[in-house]
Each structure stands twice: as structure tokens, then as C-alpha cells.
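Dumping the structure here so I can ask a few things about it.
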Amino acid sequence: MHISPVMWQFLMKWLTNSALFPREASTIAPYADALYFFLLLLTVVGLTLVCTLVFGFSIRYRKEKNPVAEHVEGSTLLEATWTIIPLALFLIVFVWGALLYFRIYNPPTNAMNVYVVGKQWMWKAEHPGGQHEINALHVPTGRNVQLTMISQDVFHSFSIPDFRVKREVIPGRYSTVWFNATTPGTYHIFCTQYCGTNHSVMIGEVTAMSPDDYEKWTQTSTSGTSLAQNGERLFASMGCNACHSGSAAARGPNLAGVYGSKLQLTSGSEVLVNDAYLRDAILNPSQHITAGYAPIMPTYQGQISEDGLIDLVEYIKGLKTNYRVQQTLTTSQSNQAAPTTPGVVKP
Amino acid sequence: MSATHTIVNLPDQRTATLPKRTYLNNEDGLLSWLLTGDHKRIAMLYLVSITFFFFIGGAFAGLIRLELLTPQPDLVAADTYNKFFSMHGIIMVFLFLVPSVPATLGNFLIPIMIGTKDLAFPKINLLSWYLYWLGGLVVLGAMVLGGVDTGWTFTTPLSTHYLNTHVVTAAMGVFILGFSSIFTGLNFIVTIHRMRAPGMTWFRMPLFVWSHYAASILMVLGTPVLAITLVLVALERLFGIGVFDPTKGGDPLLFQHLFWFYSHPAVYIMILPGMGVISEVISTFSRKRVFGYTAVAFSSVAIALFGFFVWAHHMFIMGVSNYSALVFSLLTMLVAVPSAIKIFNWSFTLQKGSITFETPMLYAFGFLGLFTIGGMTGVFLGALGMDIHLTETYFIVAHFHFVMVGGMLMAFLAGIHFWWPKMTGRMYSESLSKLAAVTTFIGFNLTFLPQFILGYLGMPRRYHAYPQEFQVLNVLSTAGATVLGVGYMLPLIYLAWSLKYGAIAGNNPWQATGLEWQIQSPPLTENFIETPIVDHEAYDYEWLEHKTAHEVTTVG
Amino acid sequence: MSEFHDPSNVVNPEHADHHIVTPAVYGIVFATLLVFTGITVAAAFKNLGILNPIVALAIACTKGVIVILFFMHVKYQSKLVKLTVTAGFFTFLVLITMTLTDYISRAWGLWS
Amino acid sequence: MDNAIVATHPHTHETAVPAEHEHVALPQHRHHFETQEQQREAGTFGMWLFLLTEIMFFGGLFFAYLLYRNWYNPAFVAASNQLSIPLGTANTAILISSGFFMALGVWAAEVKKKNLLVLFLVLTTVFGLAFLGVKYFEYKEKWELHHIPGASFDVSQFINPHAYGLKEEPLAPDMAQKTQVFFFLYFAMTGMHALHMIIGIGLLFWLTWRANRGEFSAGYVAPIENFGLYWHFVDIVWIFLFPLLYLINRHPV
């Protein structure tokens, strides 16, 4: 038999690239695959059972062999069996699936954070150190990476099949996903939620690098200003510091060290200050008035881009003292050169 | 073919003729069809209309597969491709799958099966056919005017603020189609409750009627939620209001909730009637009552009931709360059980039967296998953690095509082949139809099995171009689609041929027990000469034998 | 069940005899509805705290049930119709409660 | 189970109507029904199923209202206080009266009093139209205040109520924007309700015309009964809309 060499090459290439099964490149992947294989096994067993029954009965009781059907009403025992066994199996699948779900969607506390903004039709990754990437993401291997993602327009979905993680990127609210890449290499990023004309162009590549390489990469590709520095600039130019100056007479609450704390609101409820809270408090301030303050903050809806919000959030996150805030206020022509970033990257 | 291989019992072709007076020739002229109240004529109108839309939807599917033959975006531009899959989805879901079995076979058979002259509201039945066409034309209008590229899910805020295509037109079409579906369901429920022949108790009804009853409940209660959702989408789009727009304080997930509140039960609206067909076919060709009749009947109702509690499993990764996701995942696992019960009950119906392998039975076997795969892969997607990786990829495309095309379409074809002699009075070519059944089965598997692998590899759905390494599987899939296309064209040809040249079928070619088989084929306008009195259970083959032996005249 | 033809539906649980409601009953119902309207408006101006919406909705439900039972004759209808009405409201409750499971348990901070 | 032969049915439909049913051969009896009674019950049941779809249709709107009212309570309070309670209460009374006359109309049809039936149908229509008239003035006021959602929507009244002579507390600008959500839901819900009223009034004209010809005075009352169900359902929707939109945020804090 003759196979054309081109065809042969093509087939070989495809087979060697293991195109029946994606690479396992994150710590989550083996867990996901274990459940996948369990489910595959269930399917194969179930299908074999049904096929055996159907073909077995078809051969055994075909008309030639069994000209007269024998009346069988049903069997409670049998029916109970095939109610309870599938139910039990499905419940196992449910518990297993739920455990996996919480593993994937509960980021570990020590994860390094990267922001991702989705928009028609590109991914923007923003590292706290000021590295901006489009349709690309560089991450170190062996380290927990959390992505805080938001969409600027419609629903997108951030998917890295080789890591077995995916999460919808939602307009108007942060969603997170995390992974720990195990193998250096490049992997696809897909937008899997249909997002308009160029949906299929919204793809990118995640590059997992050894920690050393990653360190080198961060140094060579930084834009020069960290997100927090951008945020500080925004904080001053939007006039946030006028009220949130941290002084006793200030009209807005003190923001230094506020991140991660619990706040008492005027509505009486208590909230945890996290990224989502900070973002929403900037856009819809009246719903997040800290107890003891008047609802006088204007809304910044439509005035700050999602990137700007990320800068501000990142700035407030790292704000430990109000020293520089007040200094910016007093020396009205603030100096552009900010020497060091207040603790941006969390361990 | 010898009598041991088959139960087909046709009258002597030399003397046989079609009945003189049937519902088909009772009145003549186009108007007698367009203004008819006869459920059988409306069913035939639906059959023609649905076939028309099926092939339009199928043509779009073909174009999609053709584009995906190569990784490059070479056949059509991206927005054209998006319009293709949107039209494919909208047409197939709302114009084919939802009305397919209920509006054709259900319309034709339910009144006969329960022994009455017509549906409760013949005029509303006709109205629902006109609404079907109106909705269909509006959808086609949206296509002709320049198309719509939202996908069939109309996801906000994409559909409301970010597209310049004919979203409102398409939504209006779907809105109208919703009312067509509501009226069909309403008619069935009233008919089944109020019009049963004397002696036709609930547990003597064929399972076909049970499953339609369950599906009708879903149609009546679910569809209006879709209607109001589409109204809100249209209003938001026209006036820029923001109920679903986060920048104005709306919640895009509210749309998802309301949309899937209908669109998940809609899946059961599509598959339940198909399950009814399978019950009839398997029972007839194994000459046995369906194993555990009551369990199968109640599992239909259970599916309908649970069907309303699981919709958010379409939103596991969309930002639904984790706790809510847990609840919905658990309930999803529960709704899988009644389907499993059905599969096993059908399998065991074969046990100790006297099985023959006519075309409808082949389709039913295809259904059993494909629906098992489709159902099990549904469990993959219902499991929370697995869903993260699989959803929005080709895995989900393959999954719902296994359920909808492998399940529903197989059942539809099984039903058409099963009742064709009743509807037209003539038999089709047995060998050609078996060929078509096998072709469809092979083509189907070739098309959609590779998509499972593609999905696990991570290929996203609705992609116009894709990375190189997915090509081989996509080529396989497209090749399969070609075979599948041939499989669907074949019945069109030989069924049309049979209309004129097919053998005379006689009243009961399959020797089945349903009331529909005890009357002439094609039936009279009002089905029965006199109202039947039912004194036997469904699928009572001994009764049939007894009756045939003592037959003096046919009932009707 | 009914083995025999039962055209007058004597044993049919889906059947109820046709009952003609008298104008007097309608009059009483009409007056009750107006009185309840008055009560609900009056209650709206009292500060009952969390009870305000509850009272308003309770009165609305009462009025609705009265209309359903008398004006719409459901009190005199067959079990089937009663069940149908219940099923409708049940499905509406499913829509609300199941969707609320999401909104209430979302740590979005908007629900208070 | 025994293998009985299909017995010949004793009745054909001409004889199937037993003597106790008084209306043996009404012209409106559709002959695919075995009996008149069956036809009437099928009609009622069908109408109820249709109303079920209406419950779910409005259900989606009610849920949206429930959700956003909880999210944006201050905006909903402020916006809802702009609605006129006197007009709303009057409208509720008008609609209940309309429903009352409809119920009387059903009774008149059942006891075959043609003139009373026509009178009650006319009264139902008049009150229905009165409701729409009041609604028109309410809508008109909102139009003048730029409270119709859309491009010309104006929130200044909520940001600075004192300038408009209102005693309300001012809303923060971001919250004031959310009043648009309230007004959208207000117009969507009352508008959808009004649409049902308009359809109903159209049907009422038709039914009155038929009643005047004496079509419903001989025992055939199904259209009147079923329309009555529809009309009362529209009432019920308003019975819920009135407190939700007008009342529950009204109390002094």
C-alpha cells in the first residue's frame, strides 16, 4: 500500500504531537485528567453494557430464534438496581467534580497576582511590576499564579487548555483563576466565550519559564513604571488625595493599610476590602460608604478605564502610610520621579 | 424476505388499494389545506415546513464544516462565519428541534392514540402553524437583511450593545416561534386531559403520549420566560437602557438566568418526544410491552419536573456563586438518573422479545447508543470541576449534537419511518431506508466523535480559524458531515418516491397495538368511524392477536 | 378507573359541576377588595420597618387569591384547574428561589 | 388483563349527550368534542394554561424588579416616591370595579340575561378605558419630567431634590443613575400590563358586539367566561404591581 509522503509526514507529525490528548502542564491538570479518565471509564462501561444488552438480546431473541415474545411486565428489583447504581455513581462524580471545582477556583493565599483585561479582541496582561503584554503572558514555573481578570466590554473567557483552567472574564466585576505551571514551554490562550466578529483571533500564548528566566524577563520587559506607580499618579491627578489624605479632618476614609481589613459600612454590613470591593467603591461609591462618612464621593463610572482601575487598586493595595499622599498634596507640583514602589509584589 | 425475518404484513399488492376516502383527499384545493383544522393535515403542513427549515439549517452546518476544513480563515470572512453558526443554531433549535416531533408526529398521532377526533383546539393548532411560519419568515428575513451574529444564545451585553446586526429582528422571530410552541403544548395538555376516549385511562396511554405530555408542560411554563427575556433584550438594544448592562447597573448574569430558565428545559422539550417515539418503536419490533411501563412514564414526568431546577449548569464558569453552582450541579446529577432508567428499560424491553430489524428499529438502536454517549458526556459537563475545562469547547458541541442529533434526530427519523405508512398509506423502499439508517449512523459518529477529542484538546467553539494541530480531527469531522448529509438526503428521495410508487401499506403493516394502527391508512378526517372504547393496556400484543383472529371489520 | 364510557364525568376527578356564582357573592368580594386596597394604602404610610413590604405583599396575595377563588371561579372548579393554578405559581417560585440561591450567596457585596 | 374484543361503542356522538344536559344541540358545539360539558371544561382548562404562561411571562419582570430593588434600594425608594399614590389608588379601585363588572357579566351570561350582559360588558370597557386614561396622565407626567429611560433621561431631580421643591433626601450621583433602572422596570411592567389591557379592551368591543346580537344568551357562555379569566388575571397583575411600584417604599423613615 502506498501512502503519499506528504500525507505520511502530516500524520506522523500529528501523532507525535500527541494530538489526542492535551499536555499536562500545570499542577491542576493531573487532577482534572483523573476525573476525566474516571468519567471516560464510566462512559465506556455504560456504553458497553447497553451495547451488550442490545446486541445480546437482539441475537438471542431475534424472531428466527424466538418467534413468540414472552410477556414480561417489569421487575422492581432490576429497575431499582438501575436507578440506585447510576445515582450512586453520579453522586460520586458530583462530589469529585465539586472538589476539583473548589481546587481550581480557590486561589492559594500566597499566589502572585497578574491582572488580565479582556477586550474585543485581545488579552492585556498587566504585571504588578509594570510589564504589559498583549495576547501573551509570561509566568514562572513552580509558582502559584493568580489572574485577576475583568472585561472591558462583553463576556470573554480565559482558557489555557494545557493547564485545564478556564474562567469567564466578566464585564463589571473581577473574576479570578489560578494555576501553577509545571513545565516550561508555550501554551495556547483561547477566548472561549463567543465575543463578536474576531472571536477566533482573541488567542494568545502563555509562556512558562523557569524562575531564573522569568526574573530575567521581568527585568528586560518592564515599562519602567509599576502599576502602583501609575496608580499613585492617577490618585493624584483624579484628586483622590484631596479627600483620602489620611489626616484626621479628611472627608474620606484613610486608605493606608485598608486592603485586607474589614470595614464597617453605613448600611450596617461589614465587608472585606479586596480588589473587587475597591473597584466597586470607586465606581459605585454610594453603596460602599464607610461608617462615619458622608456619601459625597462622586462616581468615576466612565471616567477611568479598567486599566486605570487596576492601577488604582494595585496602588491602594500597597499603600502602607499616607506620608507620600500628604506630601503630594502639600507640594502641589508633584515630582514625577518616584523613587521606590511601596511594597507592590506580595510574597 | 421470509416471514421469519420480518413482521411486516402488507396486504396483497395485486388487489390492495388505498382507501377511497382519507384525510388527504377529503377536500381538495390549496385553501382546504391552508384553512384546515384537521390535526393530520396540520401535521403534514408542519412536516413539509420543518423539512424545509431543516435543510436550510443543514446547509449552514455544511458551510461551517467546510470553513473548518482548514485552519486558516479562507472560505468566508469572520463575521460571515459567525452569521452562519448563528443561523444554524437559531434555525435548528427553534425551527427544527423544538417543533420537530411534537408538531409533526405528535400532532398527527396524539388525538388518534387517545381515541379522539381532533385536538381540543383545532383553530389554535392551525394558528400555531401560521405563527411558526411567521416566526420562520422573520428569522429568514433577519438572514436576508444581512444576518445576525449573536449565536443562538443572544448573550448580553454582546447582543445588546456591541453588534450592528439584525438582533432585534431575529429575537422577534424567536419570540413569535415561542408562541407557536406554547400553543402546541397547550393544545396537547388540554387534549390529553380532556379528550381521552372512554376507557383510555392515564396508564393505558402509549408512552409516546406521556412523553409529549411532559414536554408540553415544559413548553407552556418555560417558553414565556424566554419571550420576556427577548423583549427585554430588544428594549435594551433599542433604548440603551441597561437592565443587562453592568456599566449602567444591570447584571449580565440576570440575562443568563432568565435565558437558561427556558433554554435548559427546552433541551427536554426536544428530547422527550423523541424518547416517546423510541418507546413505541422498540415495543413494536420486539413484540413486547415496554419493560416497566410505569417507570418509563414517570421518568418522563420526572425529567420535566427536574428540568426546571438545573439551568444554572450552563453558567458554572460565568460567575455564578460557588454555592449555587454546587446546588445546581447536584440537581443536574439527579436529572441524569431518569434518562439512565429509560435507557435500561428500553434495553430490557428486548429481553425475551421476538425482535425484527426493520428501519425504524435500526434508527432506534442508533438512538440508544448515541443517546447513551450523549447522556454520559452530559455527566462530564455536570461535574463542576470537569465543566471548567470542557465547557465552551468542541466537547460541548459534540455533547449536545449527540443528544440532539444523535438522540432527537434519530428518533425523529425512526418515527417518520415508523408512521410513514400510516400517514401516507404507502411503504418506502426497505433496502434504501436501511442503507440510509446505517449511513446516518456512520456519518454521525465520524462527524462528532472527533469533536469530543478536539474539545478535550481545548479547541473553543464558534472559532472561525484555529491552530494548526487541530486540523486532522476537523478534517475527519467534515468528512463525516458529508456522509451525514448523504444520509439525510436519502430519505427525502425515497420517501418522496414512495408517495406514488410505494407498496400499499394496509392498516397495520407493523402489527402494532396503538389505536392509530387499528384504523385505515391514511386515516379518515375524523380518525374513527365511531369513538373507540379502550379495554386493554398499551402494547398488549395478545389483545392484538386475538383481535386480528376475530376480526370482522376494522374499527374505522 | 372508568372502564365505561362516562360522558357526564361522574367519577372524573378532572371534572366539576358548573357552578353559577351569585351577584351577592361578587358584591361581597368587590367590597372586600376595595377595603383591602384601603388598608394597604394606609399601611404604606406607617413605618413598620421590615414589615412594610411584607404587609403590602401579604395583602396583595390575599387580594389575588380572592380574585382567583371567586371572580375566576377556581373555588368551584375541578381539582385539575386548582392544580394547574398552583403549578403556575410553583414554577414562578422555582424561578425566583433558584435564581436567588445565586444572588444571595454571591460574595459580590451588592446584596445587603 | 383479559383479551376482550373491542366492543362496539354504544354511542355515536349524537346520542352521547345524556338527557341531563339541557343544551343538547347548541350551534357552537364543535363536534370533535363528545359533549358540551367536555368542550366547556376543555376551554376553561386551556385558558388557564394560557394564563400560566402569562404568570411566567410577568414572572421574569417581577424577578428583575426584586433583584434590582434589593441592589439599588435608595434609588428605588426615591424613584418610586415620584409616583402618585392618589392616581395609583384610584386606578386600583377603577380596575377592581372593572373586574367586578366583568364578573357580573359572566353571571348575566350564565343566567341568560342579554341586556344585563351587554350593560356589564360596556361598564367593564368603560372602567378599563378609564384606567388607561389615568395611566396616560401618569405617563405624560413622567415624560415631562424626563423620567422615561433612554437618552433624555434626567437624574437632576434625584441629585438635587430641594431645587425641585421635593422633601426627599438627595441621592449620590451614582445611585441617582440607578433610578433609570427603576423607571425602566416601571415602564416595562406597567406598559406590558397596559398592553394586555388594550388587547383586552379590543376583545371586549368584539364580545359586546356579539353579546348584543344575542350570541351568549342561549347557554353558550364560554367566550365570556374565558375572557373573564383573562381580564381578572390582568387585574391580579395590577394588584401586585400597585404595592410593589407605588407603596412599599413610601413610609416615613
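The first chain written gets the first letter, and so on, giving A, B, C and D; residue counts start at 1 in each chain.
In the analysis below, a residue touches a chain if its C-beta (ideal position, glycine included) is under 8 Å from a C-beta of that chain, and two chains touch if they have at least 3 such contacts.
Since we're looking at a predicted model, the values are computed, not measured.
Engineer: Leaving out chain A but moving nothing else, do the remaining chains stay as one piece, and if not, how do they split?
Structural biologist: When chain A drops out of the picture, the chain contacts still join everything into one piece.
Engineer: Taking contacts as defined above, which has more of them, C-D or B-C?
Structural biologist: C-D
Engineer: Based only on mean CA positions, could you tell me how far chain C sits from chain D in angstrom?
Structural biologist: 14
Engineer: Distance between chain A and chain B based on Cα centroids, please, to the nearest Å.
Structural biologist: Taking the mean C-alpha position of each chain, the two centres sit 37 Å apart.
Engineer: Please report how many Å separate the Cα centroid of chain A from that of chain C, as a whole number.
Structural biologist: Chain centroid spacing, chain A to chain C, equals 45 Å.
Engineer: Of all the residues in chain B, which ones touch at least 2 other chains?
Structural biologist: 193-194, 198, 221, 225, 249, 253, 322, 531, 533, 535, 542
Engineer: Give the residues of chain A that touch two or more other chains, as numbers and ranges in rising order.
Structural biologist: Correct list: 173, 284, 287, 301.
Engineer: What positions in chain C touch 2 or more of the other chains?
Structural biologist: If we look for residues of chain C contacting two or more partner chains, we find 5, 14, 80, 87-88, 91, 95, 99, 103, 110, 112.
Engineer: Taking the touch rule as given, give the residues of chain A at its contact with chain B in the complex, in rising order.
Structural biologist: Where chain A meets chain B, its residues are 10-11, 14, 17, 19-22, 31-32, 35-36, 39, 42-43, 46-47, 50-51, 53-54, 57-58, 61-64, 66-75, 78-79, 82-83, 86-87, 90-91, 93-94, 96-105, 120, 153-155, 157, 159, 161-162, 164-168, 170-173, 175, 188, 190-201, 203, 284, 301-302.
Engineer: In their complex, what parts of chain D are in touch with chain B?
Structural biologist: 1, 3-9, 11-13, 16, 30-34, 38, 41-42, 45-46, 49-50, 52-61, 63-64, 67-68, 71-72, 149-151, 177-178, 180-181, 184-185, 188, 192
Engineer: If we count contacts the way the header does, which residues on chain C are in touch with chain D in the complex?
Structural biologist: Against chain D, the touching part of chain C is residues 5, 7-9, 14-15, 18, 20-23, 26-27, 29-30, 33-34, 37, 40-41, 44-48, 52-53, 56-57, 59-60, 63-64, 67-68, 70-73, 77-78, 80-81, 84-85, 87-89, 91-92, 95-96, 99, 103, 110-112.
Engineer: Going by the contact rule at the top, pick out the chain D residues touching chain A in the complex.
Structural biologist: 74, 171-175, 177
Engineer: Per the contact definition, I'd like the list of chain C residues that touch chain B in the complex.
Structural biologist: 1-6, 14, 80, 87-88, 91, 94-95, 98-99, 101-107
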